[in-house]
Each structure stands twice: as C-alpha cells, then as structure tokens.
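The structure that follows is given in the form of structure tokens.
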C-alpha cells in the first residue's frame, strides 16, 4: 500500500532514522474487558431464553399472531360520541399532572445537583442523597397511593404526593447522570474564580444542565398524564379511572378514543420538548 | 479597580512553589520537583514544549490540581491546608485564564463574565442572579477592554474561537485579582488582539502591581512582555532568569534542539 | 504517502469560491460576497481579525457551513449539488484541521486518527472498528510525524492542549487528502512544534502538490509559509496577493489599524 | 407454550382435546384474603384428567377473559360479572359456582361515619364491628329504607366494573329515587380499602364496598369497626364461579366439572379450597342467577 | 470606583448594549407560568392535610419494619429472580430494537418522514396504557412469562427510543463535524462522532430501564406471571405491612445494586479506564 516516501523519512533533521520501524507503544492490557462484558450479556440472555427460565416460543407467535392483530384492529375504531365524557377526566388528569410536575421539578432541581459528582464533591452527602432516592424510586406508585390514602385521605392530595415522589425519583436520576457525564471545564473555571459550590451550581452548572432538566421535566409531565391510574387509586379521578371503567366492559372503541387523546397530549409535550431543546442546546 | 472593603488590592501576592511533584492518575509525572519563588508584582512567562507541564504548573498554583508532594503558598496561604471557605476566598483573589476557555456555553457572555464576581457576592444574590449594578459595570468594562462589549448578550457558544478566549480573559479581569494566572491567553488571537491582551496584562502588572504568571508558547511574546522567564522541560525547571536576555542557548535547553535548526527544518 | 487505488494523489484540486455570502441564523453575516480562485497546489494563508470570518470560509469550502448565496467548487465538484455519497467522497479528499480540535474525547487517540480513513473503509469495518493493518500503519505514521506516537492508546481527554491539536493534525494527514484546510493549526503549539507542523504542511504542498489553505493569526508564520495571502475583514476579502511581500500598509488594511500602533499600545 | 395446542379451533368447532390446559384464577376482589397460587387446584386436575394443567393467578379481569377468548386459557375461576362476559362474548360455559361459608352469594355494604344521621336504631356490635338498621343480620337486603338519606352526601364508590362497590349500591340508590349523577357527590376510588378509609378519614360520609371490607384495614386503623358503621346491605350478589372455554369438547367439559365438584366434596379438598380461596364448596351453577349482575349493570346503562 | 485603565483618558463611560428582548421566549415563559398557576388555583387540594404526614410516616414505618415477616423472604427472592429474568429479556429485546431506531429518529441523520414516523411510533407506544399492550400480547403468547418479557420490551422501546434520540441530539457537534469533514458517512458519523459522547447516556438509560422493568408491577401482575412488583402490590392491597416491609428491603437492595453497576459503568466511560 505504501507508495511515496513519507516526508519524515526524507528530512535529515528528523531525529528518527529513515525507514526505521515506528515505535508504536504496546496496546494497553484490558482490551478484553468490554468483550467479556458483552459475552456475559449474551450468555445471560441465552440463559433467560432457555425453557428453564422464560422460554422463547417463536412457534406460538407464528401461530397466534392473528389474535393480536385482531385486537389491534379493534383499537382503530374510535367512538367519537364518547368524547364529551372524556373531557372532564382529561382536565382533571392534566390539572394534577401539572401540579405534580411543577412541585416535583422544583424539588428535583437542587436534589439533582446534590446527587451528581461534579456539583457535589462531598461523597457522603452525595451518597446519602442517592441512597434516599434509590429508596424513593424502589417503592411502586401503588404503595405510595395505598399508604397515602390512609395518611392524608382520598382525593387529589395523595395523588399529587405520589406523583411528586415518583417524579423526583426519575428527574434526579436522569439529570444527575447527565451532569456526571458533562464537561467539567466550566465548573473548574468557577472554582478557580473562588466561587462556592452553591454559586458554581447556580451560575455555571444550571445553564448547562437546563436542557436535560427541561427535557426530563416534560417527560415526567407526560408520564403523569399517562400514570393517571395512580390517581384513580386514591380517588383523585382522572383518565386512569375512565380507562378502567371502559375496559371492564370491553369497549375497545371508547378505549381507542382515550388512547388517541393521550397520544395527542404525548405528541404535544414531545413537540414542546423538542422546540425547547433546540433553543437551549 | 474597586478596592474590596477588607483588602487593599494593590498589595499583591507572591507565589512560592516548594519542591512540587504532580503525578496524574494515569501515571504521567507532569511536574517533577519544581521549586519557584515569584515575588509579588512580578510578570513571569512560562515557556516549554507542548506537554512539558505548563498548564499543570498553573493549575497547581490555583489548587485545581492537588500536589502529589511538595507545597504551594500564595500570599500567606498554603494551599491544601485551608478550609473550603478560605480556599474560595484565596481563589477569588487569583484570576485564571484557561487554555480551553472553559466557558459555560449555554448561557450569555455576561453571565460567564460575572462568574468573576462570585467570590465577592453573597450566595443568595447568586441564587437569584441579582448581581449589583457595580458588579455588572465591572463586567461591562472588562468586556469593553477585550473588545467584545457588543457580544454581551450572546450565548457563549455562538462566538468565534478568539471571541471565546476574550470572554475568558474578561472573566478573570472582573475578579479584580491579586494574582493573574493565564494559560496561553492569546493562543487563538490575531496579533493586534494578542498584543492588546498582553498589554493589558502588563498594565495590570505595572500599574496595580499584581503578580502575573503567563504560559506562552510564543517566545517573542515571552521575551517582550515578561520580566522573568521560566523554562519547563518534561516537568522540570530548566531555565529561570530574565526574559529579555534569554539567549539562543537557553532556548535550545528548553526546547531540546536549537531554534535555528527548527527553522531550517521548516524550509 | 500512499496512493489510493483509483486516484492519483498528486493530482490535487483547485478551489473556486464565487461570490459567496454566509449569514448565520442569528443574523451575523460572516462572509460577504467573497470570490477566490485558488489553483491546485497553492499554499495559501488566510489572515484576519478574530471574528472576521476565517473559520467560516474554511468550513464553507468543506460544505460544513451551507452558503447563503454563491457557489463553491472544489476540484470539479460544486458543493451543494452533490448526492450525499458524492459529498462523502469529496470530503474524504479534503483534510480538515479544526480550530477547536473536535476530538471525540472519550475514545483513544488512535480511534480519533483513524477517523481520517473512514472515507476509504467499508462501513461494516468502521462499525466493528476493524481497520486494516495498512490503515493503522498510516495512522501510526501520522502520529509519529506530529510527535505523539507514544500517546496512541491514551484517551483524547487526557492530553494537553497542544497534544490534542496534534491529534487533529494527524487525523487530517491520515486522510491522504487532495486539499488540506487548516483552521489555526498551530494556535496551541510551542514554536518548534509549530514550525514542524507548518513545515509538514509546506512539505505536503511542495512534494505532493496538494493544495493547502491555512488560517493563521500570526503574520510571521503567514509570511513565512504561505505563497499567497488572503486578508479578510468583516467577511470581505481586503487583500489577496503574495505573502512574502505584503507590506505594512496591507496589514493596516486587514487589521484596520497599523501594527506599530498596536505594539505601542502594548507598551 | 402450555396452552398453544388448544387454540386455533375457531372455525371447525371443538377439535381434538388439547394436550395441556391453562387455568386462570382471578381472585374476587371482594374476597378479602390474598390468593397467590393456583397450584393445589392444578395439581389435582392434572392427576384427575391426565392432562397437564398449568395455573396462573391473574389479577386483571379483562386479561383473564381475553385470555379465554383468545384460546390461551381454558378454565377460568372468574367473578360473577366476568363469568357472564366470558359466556356472552366468547361462548364460555359457566359450570360451577363457589360457596363461601355456605353462601353462594354475598351482599354489598353501605358504610358511614355519621351513624346519627343514617341509623334508625342504636348500632350493635358483631365481631368488634358496628352495624345498624338490621345490617347485623349479615344477609342482604337490609336497612335499604335508610338510603334515601344519602341524597346530597359525599359518597366513596368504586369503578363501574365492581358489583359490590358500584353496580348494586348505585342501583339501590336509583331504586330509592336518588339521581346518582347529580344528587350525590361522587368520590371515585378503585379499591375497597380506599373506600373504607375515605369514610374513616371523613373524606366521604358514605362508602360502598363488599361485606366486610373493614377487616382489610384493621391493621392500619384498629378502631375502624367503631368509627365506620354499616347501615345497609344491598341485594345478594352471586359469588364467583368456574367457566370453561368453548374450545373444549363437551366430554372434557363434563369431566372437568365433575372432577372439581367432587374435589370440593371430599374433606381434604374442601379444606384446601377453604384455606386458600375461602371456598367451602363448588356447586353446580345456575346460569340464570349469574346474569343478574349483568342485568343490574345493564339497568345502569353500563353495557 | 477606580477603573482599571486610568491611562485611557479619552475613554468614555462604558455603555453596555441593551439587553435584547426575546418576545417568543417571554411569551412561552408566561404561558407556562399561567398554565401552572391555573392548575394550582383550580385543583382541589387541602394542603393543610400535609401537617399530619410526619406522624403518619412514622406510624407506617413502624407497621412495616417493627416486625418484618422474614418467612416471606424465600418467596420474595424467588419472585425477584423471576422479575429479573423477565426484565432482562424485556430490556435486551427493547435495547436491540430501540438502539438503531433512536439514531434514525434523531435530527440530522435520517430523512424527515422516517424521523417523524419513528417518533410517532415511540409516542404511540407510550400513549397506550401498559395493560392494553400486555393484553394484546397475551392473546398471542398466553399467560406465560414470555408475554411479560415481550410487554416489557414493547414498553421499553417507547421510552428508550425517546431518551436515545434526545441524547444523540444533545451530543457535542464538533466530533460529528470532524467525521463528516473526513468524508465519513452518516453511519460512520454516528459510530465515531456521536457514540463516544453518547455512550454513557445510553448505558445509563439501559440500566435504568432495566431497573424500571424489574419493578414493573402493573403489566406482570395482571398477566399472572408474578414477579416482585406484583407481590408488592398484592400485599399492599391487602395491607399486610409486615410483609411489605420485607419486600421493600429486597427491592431497595436490587435497585441499589443496579444503580451501583450503572455508576461503575458510567465512571468507566466518563473518566476512562482505571489504569492505576
């Protein structure tokens, strides 16, 4: 493949003698590690696919896929006349979703910074925050709902609290990991200017994490619209309750209208999120 | 420059580096037993090959890179032995210009420059983003000095390379520092701007007596603007003396081969 | 340098820029009716104040910044009228050195340099990272030329500023290009390294006849290494002529004020 | 994999009997205790039929019925409304009905935290819980005369799929002449315990649930039996029962029915059913009594 | 205030440029504020109820942890294993499908119709209640763990796809530009320009989704294939707090384990391998 002489070899001033082989440093050891990890993943997947664990039944899929297709087709016939009855639950859901998102985001903003390494170098407080969040995330919404009903009664309040806890868990997890992965240079500049960590977080980390934060906040808003079954559980009303009601009587046509409405909400939120991101990133 | 209430700014700080070694986690020894005494009010240029440890030296003086062994003293403060509050105060008095600019790209130029005022601003004000008019005035003046006042409200990411570097310089000036550390402050600037910036650094030095330590990779600039020159090679000090009189032999020492020969190689 | 099978590398490309205007979304007009004819095999330096549009010009020639009006032709290809496949091939023949290095920080130096071989490598190989031995050899040679062969397996983020710039240069050399565009390739380098790199660019130019277009903010380098110099000011060409003979009046034209005055300001 | 052999017979009527069966057990929410395994039942059926029977405890009514409809489950232990839906939509045959404590039905209860308003007599205590208006008879209907007082009150009720938490009580209110859409303030909840707690906490004055959902929350609020008083019981609601998929041949259907009925008559079988599912006996179903829930739902305009 | 440059006598007072007014931004911000205020104002919440919360929290912690029923631990572990199996398969399948799709859905790498279609698909998956997805799959693969895994996989595609394309769009554009400038194709730009910068995000998304899938209760519970999430909801529904306490401990430990792995992986990628 080599044709022309390299310029370096023609240069007498170059310390490397002409034609001498390049002293390429040896490849560092440990290159097998990613491959080993990959192999473990493949093995574990193969193990779960085996009949002793989950068992992958391609046969059944080939034979019965029509059943699924039938049900999907049923979902493509919205009953438009049902619309008036969905308006109020939709509004209730949106109302509580917005309240929970706002409160959740407000709580999550500082907590995300306490949970990330560049914005909270103290490993003990960071560890404590992360531990607390692991617990918060580990508890399913239904448990929150069940306990909160007994604590503060039924209605929007337990629903909103359950959603807030759930939201804080997600936003903090995602945003703090974004901060962890971000460029440290600007933060270092703040440190060099004698700013305290809080000041650095406010003036430098905040604008850098804002796109991710806004993103996750909007994502959580979307989740709240969808997770309205939690709200139903605690007597806060909303779409979740309606979904349960219509599917109890196999009204796929009504269900499909509700799904359509949720889809519109999801798409609108997606759109807003992409516009905001384009402005901020 | 405004005079901070509790301090007389014109009383600048000396820097003492005692037998400092810095080893990075990867195993690279970036500084190797460096000892330097820089008096208050000196204007020092640091030169050396790429990778010789210039940036590391500057970052060590600011405490951004912890020393592996040895001791760094700025003013009366020995870094590493300070409480985090004291560290903030000390750093607030050291203006730093980074090689990679280190701007917060997603916020405005003004906000980036105001970072220089953080050490003098109560935290509640920072949280609200409510800087005093005096602080803002200081920031505008610094921006004006580096010639990009008209970019005040732009996002930092929309600036050209040289413009970004000037924001970084303005940020350091806004600190009203006692020491200025500059890591290749003119690397991305055209000659007039470069001279303007170096001239500014010199003026800070001569008029206000502030200690200035500048990494430069251009020898003519080092010669012209430094009163003293420190040559680094592979993490060791190989030259420390007056800048103006540094001979070609000195450059050979620093760069490992003679300048002239390099120039010939270019032909 | 190796010769790609289907092409004779020594047949380098001319660049024609016809009345090009570039306006950024923010409203800044970075280039304003620029017309240039650069013959194959020329060695051109572009100088100008910070923000005058040097980077924009270079990026326009590579098609990275779309023109608002006007036309850019490299070799026989008019950018903007090509299929995406052709665009890839054309760009594969243009080596580009970015002002901000544009390295993938979290991967090795070698992987960054091998990006230069992408245009000549089947996609499946790229996806697996399975480059041919010949490609790797080319990468090693380029790294050796810029003097950082020992950093081959380091993560790009662990290098000093100058070392990162050299990785970027090695990447462009590995492309075996027909045109080299360099955006301040020596901004972060010490003089010996800077001269070595400029010398390399000149050697590529003289020995292989490759067209080289370099943004420089140092006039002495522009004078020394360019055969032709283009001066930009506020997006317009204000000088286009031989580099060696450019007079002080020319500099005044480019920088808007006389060099001497700047020097005085520095004092 | 287990159920695949039984599927795909939608056209040609019952084909050859499958080599494996799936039993879907949906614990009635109105049951009060936790069910987490179907194993004793399936073990017994496997032995008895000579066909492999796998069991799942499904917690979603719709999922279980759809599984039967798609040929993915052949035996269903379903609550009354779903029994009817499986037979109505997918021609499943309802073969057995469960008996709990000797009853094949249970009432829904109306509770209040304001006995002074709703009780015509002094509440009496049974098993540590208060009842009034004759509801301590524990058989419905009882105390329905008092329900006109519910007019204008805050009422906690469940979703419209719940016979005890919605269908029967709402129907009772309607029959008493109350406009359940505008005449009361609805506080919708989705579980019986939430309904009880809503009354206990004072979020609602009246709550509907199965009898007697107060037991579930005694661990949280031990004084629930004193604070929340049951003042009326609705008509009796049929218990859950067993439905068989139309895919199975009549012979196999008979075989399964007989096997299950016999099992519940043996002492050991009865003991196991009682311990795990609180079922004391599996009695032959009377399909005509089963669709009363559906009829009730229909009267409310829910179908 | 003494100025820094007393020598520049000719210098006039610095006049800062006027802060530009961004109409669109102002409108958007006020709209968002208005929506939030309207929601707060209209929602029927008795905030005073919050006062009793701390005492109640103590009460429930006492119910759950004063006498945990450890005899349920073996069953809890068995169900956890089940959950992990299904979650693993669901996550792997979800990753396999969403990984290529999320790159195609990012701005600048695929034709606009493809992008819009994929984004629509992700949104649709997220709009359909999880339980409905499960019921559809259930009619194909029956009341089996495979249904659980497939339902989790479909749900995962909706969220992983969205997170993925957002992350790709947020990556520093410089390296992409460099690859393009070197004549790299789109795929190559993704592999060598985007991937090194986005890898940390992707790994943490995958692990987080795995964590969610382990807990996903609604879907698995209804199918009747159990899992730890289902166990937790069942015991919660019947308010057996002493068992719920044990289950919570198990779930928290699992969650923390996954979080620790995620942290280690990310540290590896952001800080480089530890060649110490």
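Should a chain be cited, it is by its letter among A, B, C, D and E, assigned in written order, with residues numbered from 1 in that chain.
Definition applied: contacts are C-beta pairs under 8 Å (C-beta built on N, C-alpha and C of every residue); 3 or more make two chains touch, one makes a residue touch a chain.
Note that this is a predicted model, so its numbers are computed, not measured.
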{"item": "Shortest chain-hopping distance from subunit B out to subunit D", "value": "2"}
{"item": "Inter-chain pair with the most contacting C-beta pairs", "value": "A-E"}
{"item": "Gap in Å, rounded to a whole number, between the CA centres of subunit E and subunit D", "value": "38"}
{"item": "Subunit A-subunit B separation of Cα centroids, rounded to whole Å", "value": "41"}
{"item": "Distance from subunit C to subunit B - Cα centre to Cα centre, in angstrom", "value": "29"}
{"item": "CA centroid of subunit C to CA centroid of subunit D, Å", "value": "78"}
{"item": "Sites on subunit C at which at least two other chains make contact", "value": "100, 158"}
{"item": "Where subunit D touches two or more other chains, by residue", "value": "1, 4, 62, 66, 70, 72, 191, 193, 217, 220"}
{"item": "Residue numbers of subunit E (touch at least two other chains)", "value": "131, 135, 139-142, 144, 200, 237, 239, 269-270, 272, 275"}
{"item": "Chains touching one another, given as label pairs in label order", "value": "A-B, A-C, A-D, A-E, B-C, B-E, C-E, D-E"}
{"item": "Partner subunit B, residues of subunit C touching it in the complex", "value": "24, 26, 47-51, 55, 99-100, 154, 158-163, 166, 184, 187-196, 198-199, 202, 217-219, 224-225, 255, 257, 259, 262-263, 265-267"}
{"item": "Subunit B-facing residues of subunit E, complex", "value": "1-7, 14, 16-17, 19-20, 272, 274-276"}
{"item": "Residue ranges of subunit C touching subunit A (in the complex, touch as defined)", "value": "1-3, 9, 134, 137, 140-141, 144-145, 149-150, 152-153, 200, 203-204, 207-208"}
{"item": "Partner subunit D, residues of subunit A touching it in the complex", "value": "51, 55, 57, 59-60, 63-64, 67, 71, 146, 149-150, 153-155, 229, 232-235, 237, 241, 244-245, 247-250"}
{"item": "Subunit E-touching residues of subunit C, taken from the complex the two chains share", "value": "62, 64, 84-85, 88-96, 98, 100-107, 111, 115-116, 118-119, 123, 126-127, 155, 157-158, 168, 171-172, 175"}
